[in-house]
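In the part that follows, the structures are each spelled out as structure tokens.
Look for chain A in each of the two complexes below; its partner is chain B in the first and chain C in the second.
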Partner chain A sequence: MTSAPTPEKDDGAGLGLRLTLPAQVLVLFISLFPLLMQLYISLTDWSPLSGMAWPRAWEFWNTFANYLDLVSDDRLWSALGRTALVMAVCVPLEFGLGLALATLFVDDFPGKRVAYSILIMPMMVVPAVAGYMFFMLFQSGGPVNDILSWFTAEPVSIAWLSDPTLALIAVMAADIWQWTPLMFLILLAGLVGVPDDQIKAATLLGASPVQRFLTIVIPRMKTIIVIALAIRCIEAFKIFDTLYIMTGGGPGVATETISVYIYKITTQDLIWGYVAAIALAILLVLSLLAVWAMRRMAK
Partner chain B sequence: MSAIHLQGLVKRFGQFTALKTMDLAIADGEFMALLGPSGCGKSTTMNMIAGMERPSEGRILFGNQDVTGLPMGRRGVGFVFQNYAIFTHMTVRQNLSYGLRMMGRPASEVASRTGTMAEMLGLTALLDRPAAGLSVNILQRLAIGRSAVMEPAIFLLDEPLSNVDAAFRAVMRTELKSLQRQFRQTMVYVTHDQLEAMTMADRIAVMDHGVLQQVGTPLEVYNDPVNTFVARFIGAPGMNLLPGRLLQHAGGLCVDLGPLGISAPLPGPLAAAAASAPAEVIYGFRPEEVQLDPAAPLGLPLTVTERIGARSILHLGEGETSVRAVFQSGEPLPEAGLVRFQPAAAAVRLFDAATGRAIRGV
Partner chain C sequence: MQRSLPFQLFRYAAIALALAITLVPILWMVSMAFKPFSEWQSAGANLTWIPNAPTLDNFRFLFGDSGSDLIVALDRTAGKPILSSLLSATIGTVIAMTAGTAAAYGLSRFGSGANLPLALIQLRLFPPMAVMIPVMMMWAFLGLMDTWWGLALIYGIVTLPFAFWLMKTFFDDMPKEIEEAALVEGCSRLRVFTRVTLPMMAAPLAAAALFVFILNWSDYLIALLLTTREWVTIPVYMASLSSSMTGQLYGAKAALGLIAAVPPVILGIMIQKHLVRGLTFGALKQ
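Now for the complex of A and B:
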């Protein structure tokens, strides 16, 4: 009798905790364990080539040597800079193109549904396949050069993917081709959501189309715009598959982004202690950036 | 200058004709109410005056200027939307000053005109509040102020009071009327509420099924409806309409109302007009004009008595032959049984049963 639990005592935090404990343990294991493991390895010189399993990495303890190394790692810094460049070029262009296209698609026109389907198709292509497509397009005997030769009236044989600058341009072109549709889709949803009578009210008050766009449409879409930019910035920072298939980070290291660099030193150099240090450092910097960006947005 | 002329206005949406040939002249400074049930074409008419819709046929003139093809941004009309269309991402001040700012008026002028308008509408204390989350009553005033600050010569209001509570509606009716007197604008007011139209408008244009039924002052429309639709639509409750046959009886032209009995002889002018009309008529009279009299020729059993404060409504009979009668609450009223009554002679109206048109004595 006395051992029967009374519901009054149980319905608070205690019951909730007991019910969610298994899930919480699982989540902790999935997220916290790899983080701790990575932190541990990042403080050592351990490599899978050492012949020892990772729990014994303490035998190669080097404290913060990896973190000191990455400060002076030029290849890392130029990969970071290049990633930032890709973000800075691709995301605004995708936003501009996406917004322009979305504006066109607000009103009806003949063939809208077909045009719409064609427009969002690139987004559906597997990035690796898109990489292969653009690899073929940008061959020196490929279609891009053919089209250019129509304008120059003489054969063009630019070696796009072998030139450090041109290769980066080709990679950005592929990214813009593939991800403008996502911007278009998100921004179109935002545009359609702007109430019609607000536009009419502004028009009747004498606002020009540009004024209406700047004072009604854009402010009303602010949240959607922030979400679209955030998604694309995060994705652009992680750019990997398309780029890796097109250039492999080459020529040399000319198109190496942060993901490609980490991939290469992980699979080729196998210096996993150092890789862990880089990954953790980037995670830390990005988290701080994200917190700062969210604080700004909240204002 | 700001008179509005609608000439042979037609609006079709695909197969559907929303407005069939509308001709209407609204004088400069007049308060015109477009009144009708939903789907009657009143909002379509208003949208064409504002330039939101292009007429399929016909012309719209402001003064002497043909504005039929002029885009809505250049017509310079004030428009208050039914749901107000307040820019909720702005403050009250930004809403009020929007039009002036878009026109590029100097900041000092924007500030002073916005301030004056806010003062007039009692919005001064709220100027820096975000427009989102304000009460409907305030949004409503803001919507009017946002258009009024532009000092348009023509002001269009699309059912502006349909979303506000009853008490505030009464206040706003008075306020809108005094606003209009102050500005002397031409106002077009769309509503389905005949009380709003009756209390505020100089003239009422009654519409139904895309056709303009009658234009006139509130009293004209109330007293002399041109057809049974207007008779039924105007007034609360609407006019009593009973099918009957004309016949000579008791030394005059009367109407045989079947189960109710035979009416008293029609007054002279009406009898003269009815003499040449078809025999099948509709006999109409206002519920307010019913007199109870045990010796009266008409009679119906009492069905229900509605008591609404100062007034009581007797419901007599049912179906085709039902009559409503309105009395002041003080009057002694029958509790049950057959009620004998007759309408005041001057209040009787006749309509052609086939066409529904009024038969009028001169």
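Now for the complex of A and C:
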């Protein structure tokens, strides 16, 4: 019930509290319970197959055994390494291509609006569908090999998705296709925001286009570049949808990233106590990274 | 600025190349969606870029008509997964937008919930995979497994950060004079919010809601873990579309992919000018 407050006395704090309540409840609901449950399960060998409801997981208590196991889990570390590799290749390429494209779009030219609308389409395609698109493209009798055969003048039949290295390249290609537009979009917004007069002044002083770009445009865009890179790094670390549809993490474990690995041991091995330990460890490391990054940003 | 001719030519060439790379995967799927069964597996020298005999059979097949030259029939049609995607994404958007808009207003005007901006960013930072086990346990406990309403609830929470941050920047940007005038005239603060502020913000609200809807509609991982049969969404259903008799149902999958891809692309182009703001949590405005 809303009592009718007198405007002079009411500073809105009561209403503010009520308005923020639903969001607070949702945040608490999704952070507090899962975190506590996860912590509890992670200290046990409990599995949904153990025939007991999770509150009785203490019967499988193993203290820190799960956490000790993960230190020597080679598959976990190679999945993390592979995720880092995907990030190290994709994010810089997406950034470079996005920035290069954005510089071409700063001033007007005929057809700009249409080209812009088409170029940002990939990031709006449902990632699972994008994964299926690239699954089709990289079939051995598919369009990618067909296009390659135009250059080699003889039929090409590379089995992209069943070769460990090529599968990884194909998966990265899909990620770059889908997310370069995001970089393009953000960086273009940044480029357009760089004041014209400074560039004109530098031009009058005889600065070359490259000099102008490096000494005026890039420093001006520092915050935007940091935001764009941070967003893409966070999302690339989570990479799952496109990749899982294309290769399912295979062949073998050749394209198994951290999300795919966790998904597999969650749904196939069902060792939930252990999965909870991995998940908590990742959450902890990411939180520390986030705090460190925020501190640096604040400086 | 006047540009030299070589630069113009270079620019058009580069953009043409980028457009080609952008469009080939999309057009290949569109082409596949209209290919008859006999052309699905066309390969090598016989590869057809444009269907020789375009047909709507793939779409008919998805909705239960196996009258084409396909031997198999689907044990369930694409109708219910489409319904599931629509319901869960829409109601999830309503949840995120309601909670997000109210909280954003509370923070923007009254300074309430100062913990929310960071808490919500953290929610977005963590890989969903790292909290899915407890979520699956909670959802099973609450009877929300394999239901569209269970999906809608988790979607509402997952996209809450975007709804909140987008609306917060919109409210921060809004001039406060009109609200103050309404207050002076004796409206309660709640009335000012519902009768003055919200109607004024109709356009930004709609843009934010469409943005959140696209995100919900795009989910695959969460639906993969929280739905099993009855209420699987389009991406989950699509991944299951293959049979031992025909292998990959290329054409049918492409047709379904097209159905899934069209709404977000159209909505995304509609809200183009808000995309940057949405994707960067309001840090950047176009």
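The working rule: the second predicted complex is superposed on the first by the 265 of 299 C-alpha atoms of A that agree within 3 Å, B and C clash if a C-alpha of one lies under 4 Å from a C-alpha of the other, contacts with A are read in each partner's own complex, and residues count from 1 in each chain.
We adopt the following convention: a contact is a pair of C-beta atoms (placed from the backbone, for glycine too) under 8 Å apart; a residue touches a chain by one contact, two chains touch by 3 or more.
A quick note: this is a predicted structure, and the numbers were derived from the prediction, not measured.
By the touch criterion defined above, A:I245 reaches chain C but does not reach chain B.
Within the superposed three-chain model, A:A201 lies in touch with chain B and out of touch with chain C [touch as defined at top]. Applying the stated contact rule after C-alpha superposition, one finds that A:P219 touches chain B and leaves chain C untouched.
Shared-chain residue A:M133: touches chain C; no touch with chain B. In the superposed model, A:T165 lies in contact with neither chain B nor chain C. In the superposition on chain A, A:F109 contacts chain C only, with no contact to chain B. Annotation for chain A, partner touching more residues between chain B and chain C: C. Counting contacts by the rule stated earlier, no residue of chain A appears in both its interface with chain B and its interface with chain C. Within the complex formed with chain B, the chain A residues making contact are 195, 197-198, 200-208, 211, 215-216, 219-220, 222.
The part of chain B that touches chain A in the complex is made up of residues 50, 52, 72-73, 75-79, 81, 83, 85, 87, 89-90, 98-99, 102-103, 146-147, 150. On the side of chain C, the complex with chain A involves touching residues 1, 3, 8, 11-12, 14-15, 18-19, 21-26, 28-29, 32, 41-45, 47, 49, 95, 98-100, 102-103, 105-107, 109-113, 116, 119-135, 137-138, 156-157, 160, 164, 183-184, 186, 188-190, 193, 214, 217-218, 220-221, 224-225, 234-235, 238-239, 250, 253-254, 257, 260-261, 264-265, 267-269, 272, 275-276, 279-280, 283-286.
Every residue of chain A that touches chain C in the complex is listed here, in rising order: 2, 4-5, 7, 10-13, 15-20, 22-24, 26-27, 29-31, 33-35, 37-38, 41, 54, 100-101, 104, 107, 109, 115, 117-130, 132-134, 136-137, 139-143, 145-147, 155, 157, 177, 181-182, 185-186, 189-190, 192, 223-224, 227-228, 231, 234, 237-238, 240-241, 244-245, 258-259, 262-263, 266-267, 272, 275-276, 278-280, 282-283, 286-287, 290.
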